[in-house]
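Structures for review follow.
After this come two complexes, each holding chain A, first together with chain B and then together with chain C.
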Partner chain A sequence: MYKWRRVSAAGLLTLIIVFELSAFSLLAFRNSTLDYSALAFGAILVAMLLFQYISLTAIFRHLDRYLLIIANLLVAMGLIIQYRIEAAIAFRQIIWFGIGMLAMVVCILFMRRPNIFRRLNLLILLGCIGLLFALLLVGSEVYGARNWITIGGQNFQPSEFVKVGTVFVLAHWLTNSRDLRGIWPLLFYVFAVVALLVVERDLGAAVLIAGTALIVFYVATGSKSLTLLGLAAGSAGALASYYIFDHVRVRVAIWKNPWATYSGKGYQIAQGLMAIASGGLWGMGLTRGSPKLIPAYHTDYIFAVICEEFGVIMGVCIIAFYLVFIVRGALVALNAPDRFMMLTAFGCTVLITLQSFIIIAGVIKLIPLTGITLPFVSYGGSSIIASMMLLGILEGVAIQGGETLERALKEMAK
Partner chain B sequence: MYANAYDIVASSMRYFFLLLIIYILLRLVQHSFSEFRAVQQIKKKVRSVSPGYLEALLPEEFLGRRFPLGRENTIGRSKRCNISIPLPSLAPTHAFIYEKKGGLYISDYGSRQGVLLNDERIGRHEEFLYTEDKLQFGGFICVLHLSGEEEDDV
Partner chain C sequence: MNTRSNIKGMLVIFSALFIVLSVYLVYILNAYGTRWFSSPYNTRLKSQKNNIIAGDILDRTGRKLATTDSAGDRVYISDTSIRKATSHTVGDNYGQTFGAENFFSKYLLGFEQSIFERITNEISGKRSHGSDVELTIDASLCVAAYENMGEHRGAVIVINYKTGEILACVSKPVFDPKYVADYLSGKRELDKSAMVNRATGGRYTPGSVFKLVTALAAIRYLPGITEREFTCSGPLAFDGKTGAYLENVLLTPQEDAEAKKDSEPGMSGEYRVIRDYNGEYHGSLNLKEAFSKSCNHVFAQLALEVGEKRLKRTAQELGLNDDFLFDDLVADSSSMGHAKKASDLAWLGIGQHTSLVTPLNMCMIAGAVANGGVMMEPKLLLSVKNTMGSNIYLLQPEEYKKSMSETEASTLKAFMVEAVKSGTGRSARINGFAVGGKTGTAETSSGEKEPNAWFVGFVEDEEHPLAVCVVLEEGGSGGKHAAPVAREVLKKAFALGY
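Here is the complex of A and B:
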């Protein structure tokens, strides 16, 4: 049925491999002695991508190949930049990517029996709130936000996993009812999660979850009036937090004028803007920029580093890739076998979309900067595992939709 | 010397990387378009045979009975309806299920009991139907099954 699709997707994967191998070869030659580990790294990444693609497409015939390819490209781009900055970062990230691939397969398998998530809904709901609450008590503060937990020497960011839980909570409650009375547990959940995140200074995640909840709510109910009410409530909350919390005021101040506090809090935004500007349209060329001048160069600000070395055109292309991801995700949602899976797939799509928009817009100073990662590209174990889980959920829904359609065709042929 | 040579290579490879990525992007968009259209064609073919059926749950005597749906279906007490349910709690013509733009919609024909979709009254405007939606017309409760969309426990 989809033979030509298989060929064209494989062709694109080949091009991605070409891109990645040439980038790592270039990196291998940057010092006068050949850096063999760069070549080895590139080869390992190629092997992982090929293994993932071939095994997944062999087992699941209705996998959405293009979503997988976009994610692979973004991860490869991220790893290239991370290796360029510091090889140790990239080595750690590729291990997290491997774990993420496993998490993705687990999610795909779980989506074959999505009712598990519906039955466990209360557990997920309370678990997420509990997790964020625990952060208040035992969380450690990094970069001014209290959203990290250290287990066995490794840092985890629980808010990333709360994102995944939120998708299921949203989908479950919005599948059954379309009015406010029926979904009051959901409203309580969103309010509690957003409030906890704001208190813990993880403003990016707070905006992300609030925005996702609002959009999925509108799609599920179609009620413009209630959605506008929710938007008003969210804006009121944002305004209130501006007056109550000092750290919100700081963010808005440095957004309006980072140059005024250049040597202090505005340093990050200013450096990011200067990096993008020095890159120009075509970039300075791989290894010819100075990424380490920007704080959080490997996580939140990785987009600025990409723009500095590869150019603004490349930055626009990356935005375009996220847009294609969104469109394909929406298509997967529309082809979903039932309402719960449709809302789940849509929730995942909105999450990834909104997250990339929020961080890219923050880096280019379109909106105040928030501390969230660029999905798939940024360094961060929890970030890439959560992103791969969301991808796995999307793929799971795509596979179910495709299998159902195939079964219907077989019924017709009888 | 070496540094200069490397700089030249790195600078020229900028254009190579960029062109490669732009090409990948364009092919991706093109392939997505054609695949989307192909899937739409298949779905249309499946839907044109029959949009689906209603499987009755209550009252007891109707349990399990399947009522196949055509492009347009009237549901009610009257024998002239496409799906005729001889129960006093239904209006003569209770509701209308029809296909529009590739999707299935239901609208209340103005019955007194109203039409409940997933236990909520649908009101005046039409509602879009998903597979496994529960419909209630007076005392008659059934589940919608759309063809081309399958559920968990078959």
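Here is the complex of A and C:
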């Protein structure tokens, strides 16, 4: 059984490498002159993936290979699209991916001593709120949301890291206590973070964090009534924001009929839908679409670009890959050695779930669009580093879980 | 472990969410893909037009309605009357209409070509060709319909009710696809709203053709209704203020005529009234006779008896209020209005008040009656041929919905045949053929304009399964003006072998 698993994971990786190499070869030949940098880029990416996979699986026998491979697949998909749109973007992104890999390893290592996160919890909690509060003062506005901060010439999106912090805060407080009185700092934290994000107009992140908090709370406490109460409060908040904030009303109106305001606010959604429709089932083919027509083509809207060039069939595959990732993530949580790690791993899984669902559903007009990145795929340094950190935490828990199990088995054998 | 089972529960929910996501993605592609793709906003089409020689558009007899000349310009058939009669169906090259030029652009511009074809094109280095599109319409039938409409605005549509193929689809006023650039630049004048395809997108007050819906609802929900004797002795009276039906107030035609003089339109003294066409009253009659004579008195009463809910449900089963997401064409939806009071409901039952229907929808209803209750999806695309001469698409008839049972259909069919044999639709009679139909004379404003003339009908014949719908704006009486147009169009269709 174990052997089969290993072989098939490696097989999947081979498949990704073949796909990725053929995509970059295609990109290299798209113009009359051979684009050597595309080939080089493809080779570097393959080297990175192989090095990462081989070294990590060699060091950590209990690493969850599927989580790693699917994340790599999604990153490779993103890089192909980014290179196809503009090589310079992809070069920047692959560096961020490298940094993300390091961040992942750091997270794996830290998860060997998970108590660090528990002891530093108050620091994380206050740090996250402070970070968002600082944004209000020094942040810069991009696409109508004040959620960027510039440090040393690099733009960061602190809300991405707040997501990671939230996982630990949630897990910490919910490990000990199951009633409301015991977790008041957590309630305060969630309320403050969501309120700050709404004020900064980062609605996607606000919904994401509120949703994650609610789901993890439910899982940890099992209290249906309180969860429903939280859901009701969240819905009331959403409804209130619909009436209070213009931009929320506009989002909903665009969602109902993007074509009515095609030349204005509905432009992005309409372009996304046309891109998906133009791709059809099998896609127009790599390099044959017109992704630049869609605003945010390499970040929030990358899913529409994938559908345009690789077809809805690939869109469905991407959705399926996320689902496999989520199932594996939940399995890691179920096999976690203790309650804190279980909640941490599940928190990471929920974040990836909600984030990918919210943006894909927004792009295909199932729900109103809220600007948020597609985890692992979208361009963006903060986004990919945060996603890789979540992956690292999951892997860390998986390794701990595996080792604990192995020790227990050895005990029994004695 | 409570938390563990909660995690498993959430996992089930997450899986469901993601399954919904992928199902919805495939659904929107299927339902809206062509519409979004051929949207005038889709600039991919424009750029593709420069890279590719667009394919031809042919009618079902092989006439080239649109083609691309050696200079790469889009040219339309030289026969002016064909060009005009088919203008809305063929469409234009500037993304102004939802004609074939736009809606089938994925074929015409070669977006649907196979990889093999693309590679051959790439290697040969020639500017590649899009696929040819063959439509279900017959241009000569379109011209016949166009000419028979005379000076009226309006629409004519002929459908094969067994397969759903649209044989003719004409909307007036027309535009000339040859001069669309001139219309856009203002060099040429265009008739008002000439770009609108009235056959598929014109939402008209139905008038008496709506009695098809009311009749079906009555047959369905009021047992024994076909045996009942009605008396049509004068106008139906409603309370002037509340609009409540006054069952016991029986106005005679004489009393009404007396009171009418000093009253506002639609009123008779203190009462709000529904009168019959031209003040005729039909005396004692059964449902079939009431239908054939298009008796307002009886049908308004039937609507009250059936009730709004059941009338609306019946209308829905006939396609009203549906989003018509057909594969081959863009069609607006018809809608039945709401009744705030009894008099509204009575008016709805005879097709006045706030209902709006498209000629296409009415034609589909007539087709369903003739086709044993089965409504076929209207089809416009007969086949698509790629540059290698093989068919990449062939029309497959599709059932749109089962609108009524076979017995209901045969009852209604008998009613409609009777209406043409001896009722209001007599002008649609054709010797040797069993034609059925319903006329309509739809008031659109109180007395200032002529009413719109409607005829919707079918031929009950295995060899000639045709459904037809005619609307003439401000055409006057449906029986006098629309029915003869339908007759002539059907005769032409027979002559052409349909």
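Rule of thumb we're sticking to: the second predicted complex is superposed on the first by the 410 of 414 C-alpha atoms of A that agree within 3 Å, B and C clash if a C-alpha of one lies under 4 Å from a C-alpha of the other, contacts with A are read in each partner's own complex, and residues count from 1 in each chain.
Keep this in mind: a contact is a pair of C-beta atoms (placed from the backbone, for glycine too) under 8 Å apart; a residue touches a chain by one contact, two chains touch by 3 or more.
Please read these numbers as outputs of a predicted model, since none were measured by experiment.
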Which superposed partner A:220 touches (first chain B, second chain C, both, neither): second
Touching partner for A:262 - first (chain B), second (chain C), both, neither: second
Which superposed partner A:357 touches (first chain B, second chain C, both, neither): second
Contact breadth on chain A, by residue count: chain C or chain B: B
Partner chain(s) touched by A:283 [first = chain B, second = chain C, both, neither]: first
First, second, both or neither for A:330, with chain B first and chain C second: second
Touching partner for A:322 - first (chain B), second (chain C), both, neither: second
Which superposed partner A:134 touches (first chain B, second chain C, both, neither): neither
First, second, both or neither for A:239, with chain B first and chain C second: neither
First, second, both or neither for A:339, with chain B first and chain C second: both
Residues of chain A at both interfaces, chain B in one complex, chain C in the other: 320, 327, 339, 342
Complex interface listing, chain B residues touching chain A: 2, 6-7, 9-11, 13-18, 20-25, 27-29, 31-32, 35-36, 38-39, 42-43, 45-46, 49, 118, 120, 130-133, 147-152
Residues of chain C defined as touching chain A within the complex: 2-4, 6-8, 10-11, 14-15, 17-22, 24-26, 28-29, 32-37, 39, 41-44, 47, 106, 111-112
Residue ranges of chain A in contact with chain B within the complex: 1-2, 5, 8-9, 11-12, 15-16, 18-19, 22-23, 26, 29-30, 32, 66, 69-70, 73, 113-115, 176-179, 182, 282-283, 285-288, 310-311, 313-314, 317, 320-321, 324, 327-328, 331, 335, 337-339, 342, 403-405, 407-409, 411-412
Complex interface listing, chain A residues touching chain C: 215, 218-220, 222, 259, 262, 270-271, 273-274, 276-278, 280-281, 284, 289-290, 293, 307, 312, 315-316, 319-320, 322-323, 326-327, 330, 333-334, 339, 342-343, 346, 350, 353, 357, 360-361, 364-366
